[in-house]
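Take a look at the structures below.
Each of the two complexes below includes subunit A, the first together with subunit B, the second together with subunit C.
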Partner chain A sequence: MRLRLARWRGGVLLAGLLVCWESLPRLGWVDPILLPPFSRVAGRLISLALSGDLVQHAVASLGRVLAGYGLALAAALPLGFFLGLSEPAEQYARLAVQLLRPLSPPAWIPLAILWFGIGNAPAIFIIFVGTFLTLLTGTIAAVRGVDRRLVQAARTLGCSRRGTVVRVVLPAALPELLTLIRLGLGLAWMCVMAAEMVAVSRGLGFLMLEARNLFRTDTVLAGMLTVGSLGLLLDGLLRLVQGRLLRWQVGRKAYEMSRD
Partner chain B sequence: MARTLGILILSVLLLAACGRAQPVAPLQIGVRTANDHVPFYIADREGLYRQVGLEAKVHLIPSNTEIVEALQRGDLQVGAIPVTTAITAIDHGADLRIIAMTGRGSDGLLVRRDSGITSWTDLKGKRIATIRASILDVLLLQALEAHGLDPSRDVSLVYFQKLGDMISALKTGQVDATSNTEPFMTDAVRQGWGQILGYYTEQWPDHPCCVVVARGDLLREHPETVEQVLKAHVLAVERACADPAYTARVIVEYLQSFDPELVEASLAPEKMRVDYHLTQEEIARMAELMYRQGLLEHRPEETEFTDLRPLEQVLEGQK
Partner chain C sequence: MKCLEIEALSKVYAGPDGPIEAIRRVDLVVREGDFVAIVGPSGCGKTTLLQIVAGLEPPTSGRVLFRGRPVRGSSHERTLIFQESALFPWLTAQGNIEFGLRSLGLPASERRERAREALHWLGLEGFAGLYPHQLSGGMQQRVALARALAVDPVLLLMDEPFAALDALTRRRLQQEVRRIQEARRQTVLLVTHSVREALSLADQVVVLSSRPAEVRMVLPVPRPLSPAALAEWEEAIHRCLTEENGEPGTWTPSSF
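Presenting the complex of A and B:
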């Protein structure tokens, strides 16, 4: 019942925004070059989809996001675990991480071209660097946030160091890690725009940049809607995985509520 | 609920504020850092706007697209942008008109000295860096076709967003050539690694490069202000042409890179020139070229892009 109500409220807000979007330029309150009506953007989206262009651009971006973000996950999660468990190692890494973290993805473009040439490689690299450090610091925090009493109890009961990590730290940090992975995926889509500024001729970022150069605001918005929809779809998949992996939390929450 | 409603109302008000007519004083002018935008730098630093009785502020803006977007919103009333950007914006409904020229020439094709590319036909099978739908792209396609090359089959076009990134890609061998502009090309030659294969003036002598545009409402409601802008522009162009060494120093001051000697070399008449004269025919020719390249949605009318009356008034007054 509560879920239905939440969905209904979300739908009402979205419908309200769409009505505003359609009517503001039609009533002449907003310049239609700056904000074309929703119907025109939807029409553009349909024509791009029918021509097959949208699918090609979406597949190109999706491939880069999955590759860049997959590499970032593969590197950041184990390293984050290691640094989260070892305070001296984290102290060594802290300064470098803090130094590099504020750099925005476009700042890496000149180096990406020099190091990786042109094509997919620099784009994947930009998505990688745009997400890696956020995942790393989030993983360190998630591991650090695990209740020390759980770790101590496992050790007291004779669990090995490795067993404690696998059976106690990982499950305890998992809820936070899965939320981090979902947030990181959103960040990876944000990096697409910067990544596709570099010598690519396919991709939603490229489509939007080209459309902006040609003052096709309808195409820019159609690209944004596609990025948003793909992000929503992937986030939905991750939520399903999250629900499966964290089924045990339902029992724990019920237990905690019964104690309250 | 009340908060959501508040956000919606605020969003509506913010959006509604965009693109409304802005007060004219001080007039806001948007330009980029480029050789042929120097008349605006000169007019700004020499007080030429005040001299013609106009209160104006010149803003350096990072990209052409941002200048058009600011013009459309009403944050700027006048701007300098490449002719192709102006034509595309007007074609898509922006209420702007081209009112004068600011620069001609300056664009061409740069290769590495050790690339073995010595003629246009050597480009067959090569990768050429360009900025999609820009003046560099439009003139590159024209030059390739003029030399018997099919841009879609004979070469591989690699799209970038920034001039500097294309230079980096060429320098490091990621591409074989780049459609580029001054003073970047002369700089590459002076550094010893670059070679200019040709300027696009070979295909179209004295082709338009950057133009001055004004908002339609300014032209309709305050034509006298547009004339004042152009009076200052004409004075600045004449000053720029009369003293290339001074012009180079001003460009360096605004670009904050390169040295005056290099910039002065890039201002040589065979490479580029600053200018204010404008004809409807040359703009229509460029629009026709863009239409043939698929960058415009409808075949352009000769008169839809320009408003030459203010410039004619200014030049008439000078006589």
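Presenting the complex of A and C:
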């Protein structure tokens, strides 16, 4: 009963915000050109969806995220495992990683355009560089954080060195890795917006930028709603995968608290 | 027959403020079927000694012979049990026990059969499907023991396996270990800081000094050992440990 109530609480604030959004411009307290009421934005969203434009833009953005983030995952996870398991290798890489990491994704945009021009390539590049180092350092930390005794136990149970990587380090680091992958996806989703504001002619970022130039605040807001919802949806999908893979953790915290 | 021979074993670590001498010229022999306990003050290098025997760390100098051959790397023949169970939290009790059997390349049917057997030895029937976090500390340590015994080790290495348990659970598990050891003629090398534990479990007690660890004395323990004799022996070992070059403070008395 209490749990069900808690689930509705999240909706209460959202509903309140929507009511404010609807009434403020209608009451004339806010200029409707700067903030059109929610119903008009929703109407615009539906018409964009029906015309097929929205889907086209959304698919373009999603495709870039999948390509750029997929590449970053494919590169960062194996490399992170290697560096996490090998102390000397990590020492070689450390300075370079620390130097490049503070560069925020938008800082790569000028270079991306110089190298790749306009189109999908610079956007994918920006997503890649914007997520790669975060994934890399996170993977190294996750691998490093694995309890050494688990590896030692496996070794004295006859498991080979290579076997422990797959059978011990990977499952032991998995909870942290999955959180990292969710975090990275959020980051990739932010990067694609930044990239699409400058380097492409399709995608949700482009849609919003163009609408700004035409002073269509309703389209800008409709685009923002789409971006938010899609981000939520992607994260929800990953959470589903996470729950599936980490089923053994169900109730773990509760058990540990109830003990002693 | 000699199972384990340690000759003039020394271990020096590179510490932040120069080298740390953990073990100094330790000699030790464990025969097949023996239950040998190593006692010494906390932090004296007992654990390091066990890790070297397990093949998880190389010695600085000296030799460790296992069945006449120098130890090189780890193997299921020298299985190690830790103070905290070190179970794999993502596997059930059954999965944990089968872990080593998979490394040995046994087929699924035989793995299941041997896991069932190991669960039976430790009275864990009915717990096979539970995850470590669903088990009490004592039960976890039982699963760890079952996991180690399932791979049929020649030498069972135990690093303070009872230290994290409450007194009642510890007592019960100690008896269980002794019973299994006798039934299987299992060779065991146990490391503990509890003199009483060493005396009540082992056939032979090796007393180490505080760091760097050196052998102070080797005592064969007669069986049965009467409570009065046990108290006397315990007192003697404590005296031996506190007399050494003026660092009695490092000795932690057992919590019995």
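Throughout what follows, the second predicted complex is superposed on the first by the 241 of 260 C-alpha atoms of A that agree within 3 Å, B and C clash if a C-alpha of one lies under 4 Å from a C-alpha of the other, contacts with A are read in each partner's own complex, and residues count from 1 in each chain.
In the analysis below, contacts are C-beta pairs under 8 Å (C-beta built on N, C-alpha and C of every residue); 3 or more make two chains touch, one makes a residue touch a chain.
All of these numbers come straight from a predicted model, not from anything done at the bench.
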| item | value |
| --- | --- |
| First (subunit B), second (subunit C), both or neither touched by A:Cys20 | first |
| Which of subunit B and subunit C A:Asp31 touches, first, second, both or neither | first |
| First, second, both or neither for A:Phe215, with subunit B first and subunit C second | first |
| Touching partner for A:Asp147 - first (subunit B), second (subunit C), both, neither | second |
| Touching partner for A:Arg155 - first (subunit B), second (subunit C), both, neither | second |
| Touched partner set for A:Gly43, first subunit B, second subunit C, both or neither | neither |
| Common ground on subunit A, meaning residues reached by subunit C in one complex and by subunit B in the other | none |
| Residues on subunit C engaged by subunit A in the complex (per definition of touch) | 51, 54-56, 74-76, 78-80, 82, 84, 86, 88-91, 99-100, 102-104, 131, 133-134, 136-137, 147-148, 151, 157 |
| Footprint of subunit A on subunit B - complex, ascending | 4, 8, 11-12, 15-16, 18-19, 65, 68-69, 72-73, 85, 88-89, 92-94, 127, 129, 131-134, 157-162, 164-165, 168-169, 172, 174-175, 295 |
| Subunit A residues within the subunit B interface of the complex | 13, 16-17, 20, 24, 29-35, 109-110, 113-114, 117-118, 197-201, 206, 209-210, 212-216 |
| Touching residues (chain side subunit A, partner subunit C) in the complex | 147, 149-150, 152-160, 163, 167-168, 171-172, 174, 248-249, 251-252, 255-256, 259 |
